[in-house]
Structures are given as C-alpha cells and as structure tokens.
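Structure incoming, see below.
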Amino acid sequence: MKRIVERIIESLFTVSGAISSIVIVLIIVFLFKEGFGLFSSPTVEKGYSLYINSRNQVSELNTFDITHIFDEKITNWSECGGADMLIKPFRFDEIFELFPEDDLEHNRELIPIRLSEIIAANPNIIAFLPQRFAPQNSEEVKELSIRNISISDFFGGKEWMPTSKPTPLFGVLPLILGTLLVSILAILIALPLGLGVAIYLSELASERMRKFMKPTIELLAGIPSVVYGFFGLVILVPIVQKGLNLSVGETAFTGSLILAIMALPTIITVAEDAMRNTPRTMREASLALGATNWQTIYRVIIPYSASGISAAAVLGIGRAIGETMAVLMVTGNAAVMPTSLFQSVRTIPATIAAELGETPAGSSHYQALFLLGCILFIITMIISITAEVISKKQHNKGL
Amino acid sequence: MKRTTELRKTVAAKLQQCVVIAIVLITLGACGEKSEKSTIRIKGSDTMLPLSQKAAEKFMTVDSSITITVTGGGSGVGIAALLEGTTDLAQSSRKIKFDEEQKLEDAGKHAVEAIVAYDALAIVTHPSNIVNRLTREQLEGIFTGTITNWKELGGDDLVIVPYARETSSGTYEFFKESVLANKNYVNGIMSMPATGAIIQSVSQTKGAIAYVGLAYVAPSVQAVEVSYDSGATFVAPSVENAKNQSYPIVRPLFYYYEQGAAETVKPFIDYMFSEAGQKLVAELGYITVK
Amino acid sequence: MNKKLSQDIAFVIFRILGLVIVCLLFWILGFIIYNGIEVISWEFLTTAPTEGMTAGGIFPAIVGTLCLIAGSMIFAFPLGVMSAIYTNEYAGNGTIVKFMRVMTNNLSSIPSIVFGLFGMSLFVNTLGFGDSIIAGSLTLGLLVLPLVIRTTEEALKAVPYAYRTGSLALGATKLQTIRRVVLPAALPNITTGLILSIGRVSGETAPILFTVAAYFLPKLPSSIFDQVMALPYHLYVVATSGTNLEASRPIAYGTALVLIAIVLLMNLLANALRKYFGKKVKTS
C-alpha cells in the first residue's frame, strides 16, 4: 500500500517536472492558434463585402485603394483602372437616411431590395455592406472579390490602423521597429552607466559601502513597472520636453530613459557579479607586472568578465522589449515608422495592453493582437537562448 | 544530528506559520462576504466610467442590498459582453450598431436602450495657443493630416500635435463619424491610454489638440469654439450650449440591457433617472436628460 | 605619472557615476515616499474609494491583491516545488533534464503581457472562467512558476549530499528521505523563494489587465469567480483616467507607496531570512 502511494507521488513529481515545458507548449498552441487565424481573415471587415455596379469594369481593388477611396483621397475610378468617373462611396448606415419612410428597422426584408436599387441607380458607386443584407440576384450588382490578409501585408505593412473601415490595416513594421528602437536605445544608455557603477562597486567602493549598496540596488529591481511608468508620466515627460525643447514630451527617448532606469539595477548586479568572479590570481599577476589598478580593470577584469556583461546586456534587452506598462504611459503610442528618437512611437506590448481590452474576441483585430504576442514571444525566445549561449561561454572560460 | 533536529523543529514551526498565514489569506479571499446579494455588472465605455462609478458608489449607499461592479473596456466590448451574457448593463458612448443588434437578436436577446445623459465633446488646446475657434472642416484637416501647422490656421508657427483616444473607443468612432465625416485619422496619431492622460499631455504640449468629454475640461487646457456651418457661427462648449443644441458635437450616453435582465437592473436605471441620479450627471459635467 | 593621472581621472569619474546613479535610483524611491506618505492613513488603507476615486481609500485594491497573491501561490508553489524536486532529486543529469532547465529559463524570459494574452485566451475564454480571481491567479501563478522552480532547485542543491546518503543508509526510501530530510533542510531557502515570488506577483499589471482587474468594485469578493480591484492596476487607472487628474494625484502617490512598500517588504524579508538561516545552517 505504502509503495503504491509512493509510486503515485513520485509520478506526480515527474509530471510536474515537465510543467515548464507544458506551459510553453500551451502558450505556443494558444497564441499561434488565435494569431494565425488572421491569415484566413478577409482584408475587408468580417461579415462585410464591397459591391459595385456591374457596368463598372473594375473587378478587384487592393487594400490601400479601398482605404483611400473611402477616405476620399482617391476620387476617380480612372485612378484604379476603371472608367473616368467620380467615385461615390456608400456606407450601409446611409440607407436609413435615404429611405426614412420605409421604417427599415422593422421591415428588414426590404433592405436588400433597396440596396440593389441604390447600386443599380449609381454606376459610380462602391458600397460597403453587411453580407447578410447583400443585394440579391440582381443583374446590376457585382461583388468585388476579396482576398485574405497575407503574410506580407502583416509583416511588410507600414500602417497600423486596426479599426479603419472598410479595410483594417495591420502593418506591424512600425510597431516592431518602435519596440526595437526603444529597447536598444535603453540598453545603450543603461549599459555604460551600469558598467561604471559596477566597476565602482566591485573595485573602488569600501566594503561597508558595497555591503549597503548592493542589496539596496537589488531591492530597486523589484519596484513594479507601473510605478516607474507613473514616475515617468509625472516627472520624466515634462523634463524631457522642457529640457530638450521638444514639441512633445512623450517620445521614444523618454521611453528609453525610463527603461534604462528600470534596467540599471539588473545590469549593475549581474556585471558586478561577473567582475568579482575574476580569479584573484589574474588580478595579482597584472598588478605584479606593474600595471596600475585602472589598467588592470580595463585590460584584465573587463575582458575577463565580458561575456558575463554581454549576457547582462542581452537579458536587459529582453526585459526591455517585453516591458509594457511603463512604456505605455510615456511613449505617446503613435504608430508611425520611427524616423527620429524624439518622436512618439508605439511598441508591441503597449499596443496589446491598450487595444486588447477593447477588442471583441474572434475579430481580426483580436487575432492580429495575438499575432503580435507571437512575435514578442519569438523575439524574447531568441534573446533568451542567445543569453544562455553567451553565459555558457563564460562558464567554459572559467574552467 | 541534534542540531539538525532542532533546525527541523524550528523549520516545521515556520512551515506551520506559513500554512496558517496562507489559510488566513485564503479565507480572507474566499469568504470576504458570504451573504446572498444581487449583483449588477456594468461594463463598457471608458467615457462613462466616472459616471457609472460615482452613480454606483452613491447608489450602494442608498440601497446596500445590491452590489455593483464597474469595468471599462470600451463601448464595443460592453455590447459584446451583453451578447455573451457576461454583463448586465452595457454602457456605451455610441448607439448600438445595426449588426450588433442583429447578433443579439440571432441569439434570442433583445437589447433595451436607455439614454441616461448627454456628453459634449470639447476640442482642447494648450492655453497659450492663440487659435481659439475652429470650423469642422479645419478639424477634419487637422485630424486627417492635411493641416499640420498652426500658422495655416492663423496661429503661431508651431507643429500641430493631435492626440486621439485608443482606436476601439466609442469616442474615437463618434468623433470620426461626426467630425471627420467617416474618414480615417491621420496615420500615427498620438494616443494616450485614457482621457485624463490626454488632458495632462495637452496641458504640457504647446502645439497639442485633442477631443475630450466636456466633463474632463480643466483650467489647464483651453477649450476652443467650434463652427459646423463653415465659420458663420462659433459656439463654445458648455452645458447650456449643449442643452439648447447650439453646440454641435454632442452625443447621447447609453445603457443597454437585455430584456430578460430588466428586473435586475431596474433599481439602478431608476436611480439614474431619479433627481439624485441626474444631479450626479450634472455634477460630473455631463448634460442631464431632462 | 601619466598612468597615475589617467587612473585618477577614471576613478573620479566612476565614483561620481556610481554616486549619481545611486542617487537617481533613490530619488525615484524618495519621490514616491515623500509624496505618498502624507496620504497614508488608517482610513486610506481601510476604506473604499469615494468621490469618483479622488477621495477615500484603496481597501478593495489591497484585498484584491492579497487574494491574487494567495491564489497564485496556492497554485504555483506546490507545482514549482514538485517540479524542482523532480529535476533535482529524480531526474539525474540527462538531456531531458537539461531540456527542462532550458525550458524553465525560457519561460522566465517571456514578457508578462504574453502571459496576459495566454491567460485571457485559455482561462477567461476557453475554460470560461470569465474575468475572475481564479483566471488572474492562474495567470500570475504561471508567471512566477520559473522563479519558484529556480529558487527551490537552488535550495535543494544547497542541502549536503551526505544528508541523503545518510538517510538512505538508515533504510529510508527515497521519498521518505526527501520528505523527512531534504525538504526540511531546504525549507528556509524555499520560503525565501516563496516570498520573492509574492513580491513579484503583487507588482504585476500586464497579466491581470485582461484576466481579473476591475476599475471600480468597492465590495469585497465573495467567490473565486468574482472580479477584484488590484493595487498595480488601480495605480494605472488613477494615474491616467478620471475627470480630475489633479485631485486624484494624491491617491496615486498613496497607492504607489503602498505597492512599493509591499514589494520592498517582501524583498527585505527574503533577504533577512536568507541571512538568518544562512548563519544558522553554517553553525550547525
């Protein structure tokens, strides 16, 4: 009996041993299942189609043309391969203004008929209508063929306008670049500073100072990101704006600053550990050869701990890329291709946090946000594996 | 070995303490309040959060037998939650869409609509901005990106920085329909997570312009006069002007509920229409329905 | 001489740098404490928000955060400890264990917002929990799982090998050895890990955004399927929304201070515990 119980408990251990792997697999399954649904979604909002008069010789329009037509930036059919006539965009709600006397809300079967009439009467029309009220078996009406969202639309697109109608635009390029810009800049700021403090702590500071500072800095690493975001919003944004005399304070640079401050404790701790792990004999050998302390530091200790330091940097980038709340609060979240440091950017995590709560489950916007999650997942995986490889190198050198 | 057993004992005591603490925490979590009370869940528009929050707060002091939960998420989410049955009241800053109504009816539900207040959208700029009146066409130009500098509007040579709400909010859509004539916003508009943050940004940014509910207008920003007749008359956003319908950018604020749940939500809806409820509406800077 | 000069310059720079950065970090802490301390009162800690979140307290948010801590720990702690026991005591050092370690490392590098997405998809939608304490706790539990596993593994590794062989030689089974000898000896360090995880859980915002957090819910939860307010989300809400941002600023400072206090307290406790038991084990 006892043996059986033991066996059961031991097999429980075995199962939970695999828990991390199971969770990762589950995350992959759920994220990718939801996310890749996007590529089987039509480019036009789900449940809707575009209809034109059948005398119009246009039979296909690309996504940007459709958007521009409804934004009235393209106003003539000749600009997209049709005859020379003005375009008349028509949205479904307009029908209630055209036929107020019919009380269409209650006579729904009338709607498709009315729609057919409208399209038949206007050869230059393009109508954006729900499929359930599609104008039926009318010779006069032609439905535009609509393709699905393609991978290149998603990864190559430069416009992120997820609720644009009739064609939402899911171009993630500005988001990916924004994320990378903010996090890499953050590390570029934090690494030299962190390294400096690490050198100070490991080589220069008195033992008492070090004993006090090290745990305190470690404590600061635990402050929640939303607190840093709050600090950034209240203090940093105005400082950046006034100090650099910018038109806006919510910029990529502000985001990098706050991320750098957040990453500092981690970088300091890891780099300091790596430096202190330099074997005593190497230090002494260098000093014995007549090198000064400073020469020893930058010729011996820093090269020796280089891989530890770079592991810290890589881990720092990984954390910065995934950081959500602080960035959401200070970068202004404008989804444009970044061209300068002092302009607003929108990062992937901020996009997910800001938009997911307001997106109905199952819509293509929802799927696009999950796909953003997949991208984030893959980026951080690559970074985590890189960091592991680097720190293994360090380990081998130590032997 | 004796030391080890001692250590084990202290450790065991520690463990017991931990367990006790855990149990206390769990009971705190699980048995906060056991008594059977009816709950009303409100979900949806972020614009209406302050209103619903305050109304819920006051209502619960009047009638403590009902608990009210208020969650944001945006108008679309509120209505979707109504469809899924995960909320009792959907607060919405725009009228329910035709296809949303269709979906509800397909699911055998019928949404009842109650307009509890009106909200005027004010256009706000930095207090130092000398441009203090704008036409609808100019606003359209600013937010769709064809006008990019204040000097084109008679102001200083300053880049215009338009701020918008998040893309799925009812305010974003209402502004698009009412002011932008259904055109899309300029690509890469600045967006802040909530209206409060927008006010703060506008008050700090010289070239900023944004649209916010009248309730949010603070002394730290300047509300501009708006004209919907190509510049013939300009009207300042105020409660009076919204009430006498001279201010053009006004929208109703709705509560939607499922007909079957009418009994549950009735006390709260009644409260909203009562004198006390409408007084709250006015206090918060919204426009009363009566 | 030249060598000496460059050393002096470099060292002065590093000293200044060290002090400046440390001052900067303390400035943030000081800023929150200075502004928050005047808001903190017994009333602030024990009442619900009033007047459209510009007055009153944050009691429901504190309780909510406690619920989430308890919920996530109940889930993650046993699972994480068992997982660590398996990899450290049973599995040896083969490829599978190496793979598991890599997976745990990778899990810890996944951004919290991705956990939020996953939690929403699995617990809220697929399993149908809706926005609830249980969905939020499970999501947060998964988030800290790697931390629990890693700290437990380190704790188990620190137990001298002789303890195990001694126990086995006395005829105890492997499970008995683990239960009676290894675990008790490792418990202090495991507890440290638990406390660190609590600190981490209490500060996370992104995972609870879509799984549990409520904007306003003054009543305390009555079941695990209720929504709750939570401190980090409350800070976010108070800092960015509300019709009168100026009036709600004090509340934001107060909330930030309470949040920091909880997190720092947990970390300090863990440090102290580590030191205390560290000394004790050495002398025995």
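Going in written order, the chains are labelled A, B and C, and every chain counts its residues from 1.
The rule is short, and it goes like this: contacts are C-beta pairs under 8 Å (C-beta built on N, C-alpha and C of every residue); 3 or more make two chains touch, one makes a residue touch a chain.
Worth saying up front: this structure is predicted, and the values here are computed from it rather than measured.
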Fill in the blank from the handout: Comparing A-B with A-C, the one with more C-beta contacts is A-C
Handout entry: Label of the chain whose CA centroid is most distant from the centroid of subunit B
Key = C
Completion exercise
subunit B to subunit C, mean C-alpha position gap in Å, rounds to 31
Fill in the blank from the handout: Cα centroid separation, subunit A vs subunit C, in Å, comes to 24
Completion exercise
Residue ranges of subunit B touching at least 2 other chains are 72, 192-193, 197, 200
Completion exercise
Listed in rising order, subunit C residues that touch 2 or more other chains are 236, 239-240
Practice task
Provide the list of subunit A residues touching at least two other chains, using ranges where the numbers run on.
Solution key: 233, 329, 353, 357, 361
Problem - subunit B-facing residues of subunit A, complex - result: 47, 67, 70-72, 91-93, 130, 132, 159, 161-165, 174, 233, 237-238, 241, 247-250, 328-329, 332-337, 344, 346, 353-355, 357-361, 365
Problem - Residues of subunit B touching subunit A in the complex - result: 72-74, 76-77, 80, 98-99, 102, 144, 158-159, 161, 166-169, 172-173, 182-185, 187-193, 197, 200-201, 204-208
Handout entry: Touching residues (chain side subunit B, partner subunit C) in the complex
Key = 3-4, 6-8, 11-12, 14-15, 18, 22, 25-26, 28-34, 37, 46, 49-50, 52-54, 56-57, 60, 67, 69-72, 86, 192-197, 199-200, 213, 215-216, 218, 220, 284-285
Handout entry: Residues on subunit C engaged by subunit B in the complex (per definition of touch)
Key = 48-53, 63, 66-67, 69-71, 73-74, 130-131, 133, 184-185, 187-188, 191, 194, 214-224, 227, 236-237, 239-246, 248, 280-281, 284
Exercise for the section: Would you tell me which residues of subunit C are touching subunit A in their complex? Expected result: 3-4, 6-7, 10-11, 13-15, 17-18, 21-22, 24-25, 28-29, 31-32, 79-80, 82-83, 85-87, 89-91, 99-100, 102-107, 109-118, 120-122, 125-126, 142, 145-146, 149, 173-175, 199-200, 202-206, 209-210, 232-233, 235-236, 239-240, 249, 252, 256, 259-260, 263-264, 266-268, 271
